[in-house]
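This structure is in structure tokens; I'll ask about it shortly.
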Amino acid sequence: MAAVQETVDRVKSVDVDAYKYGFVSDIESEKAPKGLNEDIVRFISAKKNEPVWLTEWRLEAYRLWLTMREPDWARVSYPRINYQDLYYYSAPKNSPGPKNLDEVDPELLRTYEKLGIPLREQEILAGVQERRVAVDAVFDSVSVATTFKAELAKAGVIFCPISEAVHSHPELVKKYLGSVVPVSDNYYATLNSAVFSDGSFVYIPPGVRCPMELSTYFRINEQNTGQFERTLIIADKGSYVSYLEGCTAPKRDENQLHAAVVELIALDDAEIKYSTVQNWYPGDSEGKGGIYNFVTKRGDCFGARSKISWTQVETGSAITWKYPSCILRGDNSRGEFYSIAISNGRQQVDSGTKMIHLGKNTTSRIISKGISAGRSNNTYRGQVLAQKRASNARNFTNCDSLLIGETCGAHTIPYIEAKNASAVFEHEATTSKISEDQLFYCMQRGLSAEEATALIVNGFVRDVLQQLPMEFAVEAQKLISISLEGSVG
Amino acid sequence: MIEIRNLHAEIDGKKIINGLSLIVKDGEVAAIMGPNGSGKSTLSYVISGRVGYEVTGGEILLNGESILEMNAAERASKGVFLAFQYPLEIPGVTTMTFLKACLNAQRKSRGEAELTTPDFIKRVKTGADKLGVPQEMLRRALNVGFSGGEKKRMEVLQMSLLEPTFAILDETDSGLDIDALRIVSEGVNALRDPKRSFLVITHYQRLLDYIVPDTVHVMSKGQIVKTGGKDLALELEANGYRDYVGEAA
Amino acid sequence: MTQAVKALPTAAEAKLAADFADARKVLPGSGAVHALRTAAFDSFVVAGLPSRRVEAWHYTDLRGALREALPMAAQPPASATSALRVRLEKLVPRIAGLKTWRLVLVDGYFIADLSDAAALPKGVRVMSLADALVCGDAAAVELLAARGLGESDVALALNTAFMQGGVLVDIAQNTTLEQPLEIVSLSSGAVGQAVYARSALRVSKGAQVTLIESEACESMTAEHRNCALVIAVGEGASVEHVFVPAPLASGSTYVASLMTTLAASANFNSFTLALGGGLLRRQAFMRFDGAQGRGQLAGASLLKGKDHADTTLIVQHVAPHCHSREYFKTVLDGDATGVYQGKVSVAPGAQKTDGAMKSHAILLSDGASMNNKPELEIFADDVVCGHGATVAQLDDDQVFYAMARGLPKEDAQAMLLEAFVDEATDRVENEALRAHLTTLIGAWLSARRS
């Protein structure tokens, strides 16, 4: 027991206080007044100079939101959120919109440098990195910089802030915005529809393989500010894109709300790979502060033979409420969900996926690895559904949980619904702890208890790590060690 | 040199080692034989520092230094190596990753520089070739899906890489056919060195035909009850443990 | 957080409220029993009949199915029950090769005259529910209340509120029953009625019992059954339990609740064979109160037509070092709907829990659907828990293989289905009982073929 106990103690002591992205940038910002009403919605829309249809779309969402109730079915608990006590719009004062990098506030650039996010193209070009990543950096409510736009444009790829796409590509935005996550979808998605600030827009034209990884980096800086970004990715026929998303926030004593919406559309033969490393501030070891991450992510495999793959590494946030899903509408389409969710301290995670099989011969695969430590609770919640017409639907699900210490909880709640006689669904789940025999074996070879734990945990999540693009996999692996050990290295 | 003085140890309050004393000198290969339940495996765990095995009296000195207060990892870095009777599987961790992590952890704790990747790969490859361990096996998760013989070979490969000063082989012959036994034994024999000592735990004399010991100890009820040369093993094979197990009472 | 908004009461809910107001004065029991009934009914009034909005009833809409509340079954007159004596053996045939002591319930009421009460050996005490409630013995009331098991379930609360019949069986310490007890439930009603029975079996330290629940309906009229059985397995005691609910007329609803507690080193093995008929909700609540307990809930559901069968299990590991198994097979034909919800919950401190849950279903027709929700809720780290769920079809290759050896297609399918279901029935230890179940399954399969 003692070896394990030692690990547990270390984990306890780690502290989420060791969160290394917890600094605050001193940047002057412009904010809308606190609270939410139709005027605020109009204010946000006006700030972005939006067309009338979008203003009306927002207002309709706002009115609908007023009639809705916050969902209470997830295994998370938190004090009621006072939605009138939040700022719904905050923008760095000197950069009202995306600009050339030369014009971006140097303090902002320093912020992203500190976060390890390269925003200067020339530096990246001069550097040793073999694979280049185009970045859209979203700071509080607005996009502050998008890199490699020119080079992407050559390939016909559109990668820009959604606020810009509204003006530059209104037909695409109008056609697809809200087509996967309807305005009425759920409480947080509806709120997002009313007040969304910015986010990334991606369009890959037919037959184009996006020449580089696209990435959005989200940063919440302001106090009492909700972040409501909206991402829309459209992969036209036969195209391919890999998209990465990263997030951090400063350490603050109060909770901050993050209610994003991500919509993916894959047309015939298109493929979208969406990876997330979510490292929002998780709160301190006593559960004070941290981000409420209430996010709606959904992909529509609209076309035949299309494919959408979600990979997520969730280590941050005080509360995670997130179910990246796939609607398998096109015949022979495929959905995938790979997840690592690590909870420590007082974190609460309720995450999983939905695979909705509508088309014929659709397949889905779910691999979920949950690791609970400290006094956290970690729930996998997933739905696999084959509708009447979804003949030959196939699903394989594997969700494994690992517990470290006796004060945490690990829960698995799958919903497996077959309404078609030719569906074949397989689901398996296990819950276990790191065996003392394994720990002793590793320690006998010279590894400390913490190193042994990190090694075994990394082995446990390997199937999912392998799905991540290389740069992210390395970052994620480090993050896992930090989240669990703190004392390693 | 390892010296065990009047060792007493128990698990869950049950006494298993009862005043055991033993010296294995540098370069010596000592065998411990004994019937099932005599405490042989327990002794290997107590020496290597497994949690839950409580030492209630006595002393274990490695080159004059007591190791009782050290945890398993610290003892490993001091040169204690245990070849497990049942090596553990570590799913998702490739053999290469595991070997590198262990080797560098030990080097670090001894204040030595970490090996560069090319150096490390060269060492593993050389060791693996000697033991007939295919490269493909090194890319698989450690011990996952390995046969009994492959697992034991992997133990010996780890021993050759980690270069311990004191190695315990716990029933290394169990589950091996004659060919595997020969390969594993040759691997061990190649590591015999004036500065390295071995403690070979076995139930049968068979292994000692391949790894010829300098001394043979008979263990019963948590004590060494008889010590002799390699002929003692032959005598035990012929007459069984009957003559010795009574003496410990 | 927010409270669920309550809908207006349905006609059935309003009628139940009126029925309870009338019946509360005449239902057996006073004092503590009365309080138990009232508290249970109050919880129903707050929540209403369970609908899909209630997570535990997500796949079974009792509120929608109970369009009207049928009148409560009355105690059958002595003349009627004595006339039944002759027909009983035919209505509920004896199990081949197995002598049992029968305890007979007619419309939920215990009829001592029809039972083998006099033949029972020393160490077995039997009493009707009404007598137990009227005499108000605190231990008996606590046993029946089965506190902490299914407490939030509104359907069970209705049973608590209305329980009118049933039988209590007490097995003394270290008694080993030579032959099984068989609770035979007969519905005599020619008119639609509601039956609320609750029975209990207390098995004291070291005793060993086999309990069978057999059922039959004399006429196929739609009825509403809401029955519960409490089994308290004492320290080191051992109980095998087999339940075969009667297929009811279409339009019927049947909620059958089983509440089991296991003391230290207790052993419990339960099997349910559901053969369809109306809407069946089989819910089992099992709790390990002492260390080293072993409990198994297994079963098979064979469904066709418009059958709807829901198996919902909640297994609570409170004590350490216990071992639980849940193993269910479902075969679905026609437009049948199968539901399996299983929740294994491990409380803080219930270390060394070993829990495994499996649900496998085969869909035979386009109209059939299966819903699986195997859940784990773990608050202790040193545990080994897992679950598996599959939905699939018969293996075409296997069917072809058998056909290539000369079996007609239907026979080949029946053979494979039987093998599929056998993996569940194999878990029944009593050989004669296992044979009995296999016969019933064989009959369902051959009915499907013809």
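By letter and in written order, the chains are A, B and C; residue numbering begins at 1 in each of them.
Note that contacts are C-beta pairs under 8 Å (C-beta built on N, C-alpha and C of every residue); 3 or more make two chains touch, one makes a residue touch a chain.
Note that this is a predicted model, so its numbers are computed, not measured.
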Going from subunit B to subunit C via touching chains takes a minimum number of steps equal to 2
Quick one: which chain's Cα centre is the longest way from subunit C's?
-> B
Approximate Å spacing (C-alpha centroids) for the pair subunit B, subunit C | 56
Round to the nearest whole Å and give the separation of the Cα centres of subunit A and subunit B.
-> 48
Give, as an integer number of Å, the spacing between the C-alpha centres of subunit C and subunit A.
-> 44
Of all the residues in subunit A, which ones touch at least 2 other chains?
-> none
Show which residues of subunit C lie in contact with subunit A when the two form their complex.
-> 1-2, 55, 58, 348-349, 351, 361, 363-393
Touching subunit C in the complex, subunit A uses residues 69-70, 72-73, 77, 80, 388, 401, 403-433
The answer for subunit B against subunit A in the complex is residues 48-52, 71-73, 75-77, 80-82, 84, 87-93, 97-98, 101-103, 105-106, 109, 141, 158, 162
Would you pull the subunit A residues touching subunit B in the complex into a rising list?
-> 1-3, 435-438, 440-449, 451-452, 455-456, 458-463
